[in-house]
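In what follows, structures are represented as structure tokens.
Both complexes shown next keep chain A, but they swap its partner, so chain B is in the first and chain C is in the second.
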Partner chain A sequence: MLLAFGNFTADPSVNLQLLIGGLALGAIYAVVALGFVLVYKSTDVLNLAHGEFLMLGAYFALTFLVSENLNFFLGVFVLLLVMLVFGLLVHYGIMRRMVGQGFFAIVLITLGIATIIRALLLIFYGPTERARLDLLPQGSFEIGGATVRHVDLIIFAVVAGCVLLFFAFFKYTRLGLHMRAVADDIEAAAAMGIDPDKVYAMTWAAAMVMAGLGGLLFGHVTGAIDRSIEAIGLRAFPAAVVGGLTSLGGSIVGGLVVGVIEQFANGHLGTKWREPVAFSVMFLVLLVRPTGLWGRKDLERV
Partner chain B sequence: MSASGLDLKIADLTVVYGGVTALSNVNVTVPPGGFVSVLGANGAGKTTLVRSITSLLHLHKGRVRRGSIELGGKSILGKKSPEIVAAGVAQVPEGRKLFPNLTVKENLLCGAASRRDLGGIDESLEQNLELFPQLRPLLNQTAGLLSGGEQQMVAVGRALMSQPALLICDELSLGLAPKIVHRLFELLTEINQARGTSILVIEQNASLALEHAADAYVLELGRVLMEGTAAELRGNPMVQELYLGGGGEAHTSYAAIERPRGGGRRRRPAAGGAR
Partner chain C sequence: MTGRWLKALAALFAFALIAAACGNDDDDGGAAPAPAEEQTPAAEQEAPAPAPAEEEDAEDAMEMQDGDTEGDAMDMMVPDNPDNGVTSDSIKVGWMGDLTGPTASSQSFNSHGIEAYFECANEAGGILGRMIEYLPEDDQFSAETAAINFTKLTEDDKVIALLGLGGSHISTQLQPDVEALNLPVIGPPQTIDVQLEGDQYFNNLAHYGDQADLATGQIAADVGGIQNAVVMGISLEVPSGTEFAAYVEQSVNRAGGTYLGTQYVAPGATEVIAQMAALQEGIDNDGVNYVTLHGSPGAGLVVMQGMADAGITDIPIIGIHGIAANSIWTEGPEEISDQTFGMHSFLTANNNIEASAEMERCASLAGYGGEHLNLNFAHGFLNGYVFHQAVERAAETGELSRESLTEALKGTFDTMGITCPIDWSSGPHSQCGAAFSLDPGTGGMVPANPFSFYADTFDGEYGLEIS
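For the complex of A and B:
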């Protein structure tokens, strides 16, 4: 029945190609989902502006790496630094005043931030779409009949490196410990002398930096850079939910799984099936495990 | 080494949540190195008192309308909670409030959040494990899975990690077996005597608190109803009636009704006195 919609093939090289493309796409989803989950876990804010954060990163990459033509590494450093400052601004300028307000009031605030970012990008960059970034090596090589682009490989490696760095940060640093403590119980954390205000600020900054990195990477694989690429936030949402909104590790696996599933749906069923299939997977996972694959309810004995 | 105890002086404190007054004109003093207990039933304002000292009222939409709170002669009113912890106030919150997804060790380390002398933290951790040897094999366990007694030990240990000059324990006895509660109070007495740490315990379990504290206050409906040495309050007929589960007559206050095992408690002050 479904076959009527697509062009299924058992050709291993095609499937390998889809798998490689899926993992590269999934790695970007993973970075986006990670930033999303980080904010949700630490500050209890469902940040609907995360796709816009990433778009901001992509546009800043245009500015610093293309228009200003900075040295690649210097440009990336400046990009991430600017994103960090924006993260602090989001906290100290807006979110800080919302602490203790209702969940949906804060969700609406993030929608407002999303709208403002879209408007500012329109004002400062204009409506014209830009060519995608081509700063990473553009070559490719063949393996088992499938083409592997260097860009995809680099994306995968960078994401893997960042994820490891992130986990090490949470596990082994004092600030990481304090961030996890605040995520567990903000009042107890405050009672222990941890400053939730600082922790929240660092969380938004870290999420923004992740989004900057995501924007830089996604800017290399998207068709063109325009104000529609914020949709990546929506598309990474199933990744975060599948992994469990509170699990950083889960968001990585969720990202990869959703990326691969999307690519297979794309290859075998056609482009229009990408998102329906991704969201169906999300619904199925939620039906079986309402907290996502790795999300957990709080362990607390009262 | 721990800092020696600082005195806490709460004067004329009035706290409101919205339009509701939770504390009015409360005066409580903990002398340096003292052991003071605040007694009272549910809703008496005990936890509000703790929140006022540790500056957590704003999380519950409460605020101090009037009064002063001084630690070691310096006002701590209006400071943020991290500054207050850094000034020497640590607390064991009501209901323990561990970080359930963190390990025991991580929970303990969070207690040292305000410390600048990073080198001394390991030493404090070791001190804690000597105080609570039961925790040593549990260090890498997730705290949310421990028993209530073990959790309370972690909560006390976590508070001690900041080397407090004043340790506040809110309802230490709640929901725990009497044997464990007694052991914890003995430990508090030890810490109070050996390290000179000032201690403020907020308790519903009046007989227990009066057995260990030197001075006590009775809060009711947000006011200080009585104050005196623990011995004076133990001998006070009204305290006996309302908080020590008086002699078999009908209880008029819900504070007394809430103690189903009240009859058994009468013996404890006597036992404590004999020690």
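For the complex of A and C:
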């Protein structure tokens, strides 16, 4: 009986498919986790609206690339530009006023932003789901009886490129160094002539550009574009925490680990186990290493 | 300086939002746009001659069009009953469901259909000379919010009935209260077994058991006999998903086919990689040749996209709920089997039925132009029409209350051709349904076969034997 225990027999090709599917899902989680990490690392804000930001990116991609039928590269440029502007607005309009406020107050603000985005998308786009994007190569090939989609490989490449870019940005650029300095000690950085306000604005803009890119990529692999895709934010949260909320590389590893674990839980235990298992892994990691696998523990001088 | 920058940024962002919204105007609403045709005022259109048995009800339907309210004299005879939402100038009726949550893309059309019917009814003078005050409450598919909405509708608004109560987890939770209040529920969008336990549900959508029978009939027709069928179910992981899958298993097995098992999909899932791996294994090892599907339109699209990604493009699909939404065909992957059907019990306006012109006119009047091509809109429109007839019938007893309305509903009703004639005199079910797909020519849904084709497949038995 096929469903006698779990969902599968021990067919190796099925497990390989779960592994490949898990890595593909994990790459998306990594994109989202990068957004979490970028904001947290630079501003100490746990941005729970990041899933909605990504959803906004997916809907804008739909508008510019499908409805308006812009040239792909022009459309992506416009998408990222709009997201950048939106990031600046989030900072100058809202988050700037929250600097110095309590951690939970700021988290609640991000939840409020998430609610507003969901409502605006419902108002402007309506409740009906849309077909996913198909602008990137849609083909696939087989390895050991498992299907590998071209688009998944593209996502891997983009994620890897983003990580390298961020590493270089934080290490070699003036703005990147300013961001690290502000994250380390805002008062010392300000005393050295760094304007934390500008640094924060750039951080939100960069995070929003990442969300736009994530939305564009996720819009190619999700089954449909609708308002349920914001859940990717919550589902990628364990990935960011497992990797360490301050580690860019950790977010990648965390994303891949959580993606694979989710797929195997889904495949062998059933869909209801998928998120409990992912969050259990997060709890375990936090119990053993409260900063996540690659997170940094801040020293407090007393 | 900073202020100028902020203004410029705000202007740019506002422009982007407006561009985004404008760029999607043609897609809004979900149902495919209505075919370009000149609208004729409904009152000027020639209505088909009603069958003798339905003549009286059909006349009532026409009253809505020309404003001639035959019951004017009777209006004064029905006393107000504010405890049941009946005042001297209005009758309050509620709706509970998901208008902005994860299943809004199917449930909201249902509410719009009801609203459209009442827009027209009120335009024609209302029912019994009273305006219908339609009170839809959005629960976003949340049982907690639904409980609050139910209290508001029954205790504050004191509605006389609910025209729909969406969400199997919600109707299960509220079942005791519905019974205790003698609150009639007309045409809920799901027909789970817990609703069999009471006397207040009046289903014009075929029961899950009947829809499973219908699916079995369609499967048998498509694979050359049910004995050749090897079926795998894919269901949303909610009570109705489990129940529908169990009914399909029961129906397929009883008929002599093979039901291999059910894969569940979490609400809000964005991919189904594991489920597709299981389906592929079922195809390779056990010869699965048909998929039954349960879920919202979004879940249906996710599953179909998953099938396309996995290269499973030649397996026919038959499903319920959101799988009968227009968007499954307009937004779904092109490579999925042409043998994709959504089961439902209602005909949309493109099917040239008695209600076609009114459905289209009322949809436009209510601001939902184009939605008359959606099955759930047709369902809602019918719910409004049945309520209209039932209220007039209840008024003949001299009082309008939840109890008299419940009794009045235990009878026969005209449907203007939207579904088969309703007969709730012996039970609250509708053995009427068909397998639908999208007609690209009209943008509306069309049945693969007429209702009569499937009538013999219904066994009229309700209640699961499979746990």
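Heads up, the rule we're going with is that the second predicted complex is superposed on the first by the 289 of 302 C-alpha atoms of A that agree within 3 Å, B and C clash if a C-alpha of one lies under 4 Å from a C-alpha of the other, contacts with A are read in each partner's own complex, and residues count from 1 in each chain.
Just so it is clear, contacts are C-beta pairs under 8 Å (C-beta built on N, C-alpha and C of every residue); 3 or more make two chains touch, one makes a residue touch a chain.
Here the structure is a predicted model, which is why all the values come from computation and not from measurement.
Q: Putting chain B and chain C on the same copy of chain A, do they fit or clash?
A: In the arrangement built by aligning on chain A, the partners chain C and chain B fit side by side.
Q: Could you tell me if A:175 is touching chain B, chain C, both of them or neither one (first, second, both, neither)?
A: The answer is neither, since A:175 touches no partner chain.
Q: Where does A:185 make contact in the superposed view: on chain B (first), on chain C (second), on both, or on neither?
A: The first partner, chain B, only.
Q: Specify the partner with more touching residues on chain A, choosing between chain B and chain C.
A: Between chain B and chain C, the winner on chain A residue contacts is C.
Q: Output check: A:98 vs chain B and chain C. Expected answer is one of first, second, both, neither. What do you get?
A: Touch status of A:98: no partner.
Q: Is A:195 touching anything from chain B or chain C once the two structures are fitted on A? First, second, both or neither.
A: After superposing on A, A:195 lies in contact with chain B but is clear of chain C.
Q: In degrees, to the nearest 10, note the angle that opens at the C-alpha centre of chain A toward the centres of chain B and chain C.
A: Vertex chain A, arms to chain B and chain C: 140 degrees.
Q: After lining up the shared chain so the two structures overlap, which partner does A:89 touch, if you call chain B first and chain C second: first, second, both or neither?
A: second
Q: Just to confirm the geometry: in the superposition, how small does the C-alpha gap between chain B and chain C get, in angstrom?
A: Result, nearest C-alpha distance in the overlay: 14 Å.
Q: Which chain A residues are contacted by chain C in one complex and by chain B in the other?
A: On chain A, the chain B and chain C contacts do not overlap at all.
Q: Write out the stretch or stretches of chain A touching chain C in their complex.
A: Where chain A meets chain C, its residues are 1-3, 7-9, 11, 14, 17-18, 21-22, 24-25, 59-60, 62-64, 67-68, 82, 85-86, 88-89, 92-93, 120, 122, 124-132, 140, 147, 149, 218, 221-224, 226-229, 231-232, 263, 266-267, 270-272, 274-275.
Q: If you look only at chain A, which of its residues touch chain B in the complex?
A: 100, 174, 177-178, 180-181, 183-195, 296, 298-302
Q: Can you list the residues on chain C that touch chain A in the complex?
A: 2, 6, 9-10, 12-13, 16-17, 19-21, 23-24, 26-30, 99-100, 102, 104-105, 108, 237, 260-275, 277-278, 280-282, 285-286, 297-298, 301-306, 309-311, 327, 330-333
Q: Which stretch or stretches of chain B touch chain A in the complex?
A: Interface residues on chain B, with respect to chain A: 54, 56, 58-59, 61, 80-82, 84-86, 90-91, 93, 95, 97-102, 106, 109-111, 113-114, 142, 144-148, 151, 158, 162.
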